[in-house]
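Note that chain A is present in both complexes that follow, paired respectively with chain B and with chain C.
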Partner chain A sequence: MPFLQLANVRKLYPNAAAAAVENFSLDVEAGEFVSLLGPSGCGKTTTLRMIAGFETLTAGQIVMDGKAIEEMRPNQRNIGMVFQSYALFPNMTVADNIGFGLSVGGSAKAAIQQRVREMLALIKLEELGARYPYQLSGGQQQRVALARALAIRPKLLLLDEPLSALDAKIRVALRNDIRAIQRKLGITTLYVTHDQEEALSLSDRVVVMNHGLIEQVGNPFEIYNFPRTTYVAQFVGTLNLLDAVVVEPTAGSVQIQGQPAHTTSLAGCSQGEQIRLALRPELLALKSTGQADENRLAGVVETIAFLGAVVRIQVRVGEALLALDEFNNPQLAVPAVGSPVFVYFARSSCLKLL
Partner chain B sequence: MRRINWFAWLWFTLGALYFVLPLWGTLIFSLQKRRGVLSLDAYSAALGDPRFVETFVFSNFMAICTILASLLLIVPTAYWVHLHLPRWRPVVEFVSLLPFVIPAIVLVFGFIKLYSKPIVLLGIPLFPSLTTSNLSTNLLLIAGYTVLSLPYMYRAVDNGLRAMDVGTLTEAAQSLGAGWWTILWRVILPNLRTALLSGALLTFAIVVGELTIATFLARPAFGPYLALLGNHRAYEPAALAIVSFLLTWVAMGLIDRVTRGTRDVVAGSH
Partner chain C sequence: MAATHTPPARRRLTWLGLAPFFLFALFFIFLPSASLFVDSFRSPEGHFTLEHLGGLLQPPIPGSYALSIGVSAFTAVVGGLLGSLMAYALTAGNLPRWLRPLTLTFAGVASNFAGVPLAFAFISTLGRTGFVTALFQDLLGIDLYDAGFNLYSFLGLSVTYLYFQFPLMLLVMVPAIEGLKRSWREAAESLGATPTQYWMRVGIPILLPSLLGTVLLLFGNAFGAYATAYALTGGRLNLITIQIGAQIRGDVLRNPNLGYAMALGMVAIMAVTLLGYSWLQRLSERWLKDTR
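For the complex of A and B:
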């Protein structure tokens, strides 16, 4: 039995035309780190708030640790929550913030102090217990908020875009710390973000959401390499989308912009069918010759952009524009804009999308 | 540049004179009880009057009760409106401004008319006449003062609530296991400290000088005493006016000190 189980959860806000969350079913195992990923307004926060108890469900069930929790009040669920805006109590010191939950729960003073010390050590801010929130940086405030949520030994940890108010460097450092702490404590965690890199780098599994619906659930490897829908493929990383016509389904042969090519994912297609193929830029290469079973498309270089570690080259193939990435190095022979080139890619790297 | 400065100074001086001259006149007048010399006779006479002490203490006590009553009424109400009924905020705000529109005399006559007889609803006596005993009349007085202080108190609390993220702080406290009273007492109230202090001091100023309600409820308050004194004496009311000015300034200084001390905390929390 999974630790947290959401079954057909639906949320329709009063006076809203469409449901914010629809038919949401998800099983989370104990100790798992699961991210909800999706664009603004897709219902990530709403889902999290229903689990925390701040929103009621229109339909469906939520079971945590074998108990239905959707009727429980938020202060009885024992779920830790970390907010985007930190939400530290401005009138309390760092130590009092961290100890608040225990003190509300009636723990003894000595036990609270002990736990606060443990938590401060966990977030590596031992020195700052006596400070007030306004005397801390954003990153430090969010660490304290994490410690405060964890101090009560919650059954579940919810984080709603905890890093989006921070600048890029701290974001990466803190997200690694969050993951390390989560692993150390083994706490089941749901993490909301609209940043695909964050979701892929942190999570055991990623839930990609779109307009309140789950598009795909999978581990980061599956989500990135085998997106099931155009939506997921486009949302997670850069992607080339190519229209193609099926020539011979059993042989896997297709036509892309009038040029022959092959793919390994034509199951269930019929001859002459219009399909859509996805290609990751990093799986394409500019070469003069390639292996016999590689696909080859002829095109013309349209733009070249240096992105640091990689060089992104856009090649026009008929009506389509293909982006491809080459790792940057001083010996790299970058073709001139306007020159004719061949783009090579493996048959298996070309995915058919739903 | 020079001319603009000059004009600014001219207006500033005119404005200052407008405020300072009457005050100065009152001060000088209050010092002239003894013919020909400046003395504090008027002050010692006014402050030494046992009726002064009695009414002043009474009004201060009423002011404290009023502040407590309006806090109990307004803080939970404003908090709830902020949290759950944000669309009703303009309505509540309008209600809180009604004391500016309805004169105190109307309020107090309404009180007397309604509460001087026992209130019986459908044959069940709800409560007895409230104007027959001093204690119950004091309760009416506090109720009236609470109404008068409503615009100031509500505004102060509302501003305080706006300055913090009430919704998220509440949810953070809830997720840590806190119930409503814990949240109000340990999270919301402490963060309203500054706002509450300024509201309380304004309420204090209003209550201590209030005339109409206290007069018609016939309670020994400071406002009616001042008015009475003004009818019979010349120098003493001037002396008391100066004293109350000083008290007001002290109060304003206190507000300033308190708000300055905590402004960093509030501003830094965002």
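For the complex of A and C:
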């Protein structure tokens, strides 16, 4: 049985035209790290807040460790939560913040002090126990918030966009720390983010949400390489979307901007059907010749952008604009803007979207 | 980051904009205070003397200070309590939305309604033949004055002062309570705290500097009041402000220099009050600095 089960969860706010979360069902195994990914307003934070007990359910059920928890008060659920805004108590020192949960739970002073020391060591801030939150940087404050949530030995850890208020460098360092700590403690974790890179790099599984609904659940590899819908494909990573016409479904042949191509994903399509294909920029290549089974589209270079490690080249193919990425290196032969080129890609890299 | 450079001419114009404030402060705060200080140490003949400061220890002046401090402290604490409870009810009490602007507008007006008009308003309502006194008598059969209430007493004056004290507390505490972040309460709850534990260990301690600071502000507000008390009690209560008025105006008593020394004593008490207020405000700001 899964450790956490959400079954047909629905949230409709009073006077709202549409539900914030609709028919949300998800099973999370013990020790798993699952991210809820989506843009603002997609219902990911509402889902997290329903699990924490800060929002009531309009319908559905939440079961944790075999017990239905949707009727429990937040302080009875034993769920640790880390907020985007840190939410450290400004009137308490770091040590008092970390020990707060144990203190209100009636633990002995010595036990609290011991646990606070353990937590400070875990977040590598042993020397800062006597400081107040205003004396810490944003990254340090969020570490303390994580330690405070973990100090009570929660059954489940919820993180609500914990890194979005931090600058890029600290964000990357802290997300690696969060994952390392989660693995070390083996705690079941639900992580809310709108940052696809964060979700893909941290998670065992990613739940992509849109307008309160689950669009796709899968591991990062599946979500990135095999997006099921246009929405997922567009939201996760950069994507080329191409309109195509099915020529021969059994042979997988299509026409893209009047040029012949092949794909391996035409199951259920009929001849003459208008479909939409997705192509990742890194799966395209500019070459003079390719292999016989590769697709080839003729086009003209429209723009070239240096993005550091990657060079992004945009090629006009008929009315469509294809973006492709080449790894930057000093020997890279970058074509001139306006020059005619051939774009090659494997048949299997061309996905038909729902 | 490079510092923003403001041309000197523009900077001079900025200072010019502040000139009215500085002129006002110079003529109505600094010069009178300096004159007060100097005159407190000057005899009627113009010589230096400590006699007036010594006079502060002579009856009835210590009693007047005590009475003023008593009335101010009482109305500050009661007004602070009432104002805080009202502010809590208004911000977290799920009251109808229209009540909030209505109450705050009333509080804005009431907190500035003082002096002779306030005194006469209370005389006509809670005086011996006042409207409310008559209502109690006619509807409930209670004679407030027989029951021990007297508008012209410590209690009566305090009730009158509370009319402007608790609305001031309300005005200051509403934004302070609204400044309590929802995520603090939720973090406390997720860590296992009950609502009482949250208030006792997080909510009230965070509000405490603002709360105590505003109580000090109320204390200062009542301590300096003169016209309300004079119009209401006509000198029956020897508040320090009434004593100063008597010494300077000189209807019966006249020793302006003693009056200046008494005023200097008031300035000292007000300075301590304001320092306390300022310290508490700084503490509150420091706690909330850079904490999201």
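We take it that the second predicted complex is superposed on the first by the 354 of 354 C-alpha atoms of A that agree within 3 Å, B and C clash if a C-alpha of one lies under 4 Å from a C-alpha of the other, contacts with A are read in each partner's own complex, and residues count from 1 in each chain.
The rule is short, and it goes like this: a residue touches a chain if its C-beta (ideal position, glycine included) is under 8 Å from a C-beta of that chain, and two chains touch if they have at least 3 such contacts.
Remember, it's a predicted structure, so these values are computed and weren't measured experimentally.
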Clash or fit, chain B versus chain C on superposed chain A: clash
Going by the contact rule set out at the top, does A:P90 touch chain B (first), chain C (second), both, or neither? both
Have a look at where A:G101 lands relative to chain B and chain C in the superposition and call it first, second, both or neither. both
By the touch definition at the top of the document, which applies to A:V254: first (chain B), second (chain C), both, or neither? neither
Now for A:A165: first (chain B), second (chain C), both, or neither, which partner does it touch? second
Considering only the listed stretches 5-13, 23-31 or 41-49 of chain C, which one runs into chain B in the superposition? 23-31
Chain A residues touched by both chain B and chain C? 52-54, 73-75, 77-81, 83, 85, 87-92, 100-101, 104-105, 132-134, 145, 148-149, 152
Under the touch definition given earlier, write down the residues of chain B that touch chain A in their complex. 164-165, 168-169, 171-179, 182, 186-187, 190-191, 193, 264-269
In the complex, the residues of chain A that touch chain C are 52-54, 73-75, 77-81, 83, 85-92, 100-101, 104-105, 132-134, 138, 141, 145, 148-149, 152, 165
Please name which positions on chain C make contact with chain A in the complex. 181, 183-184, 186-194, 197, 201-202, 205-206, 286-292
Would you tell me which residues of chain A are touching chain B in their complex? 52-54, 73-81, 83, 85, 87-92, 100-101, 104-105, 132-135, 145, 148-149, 152
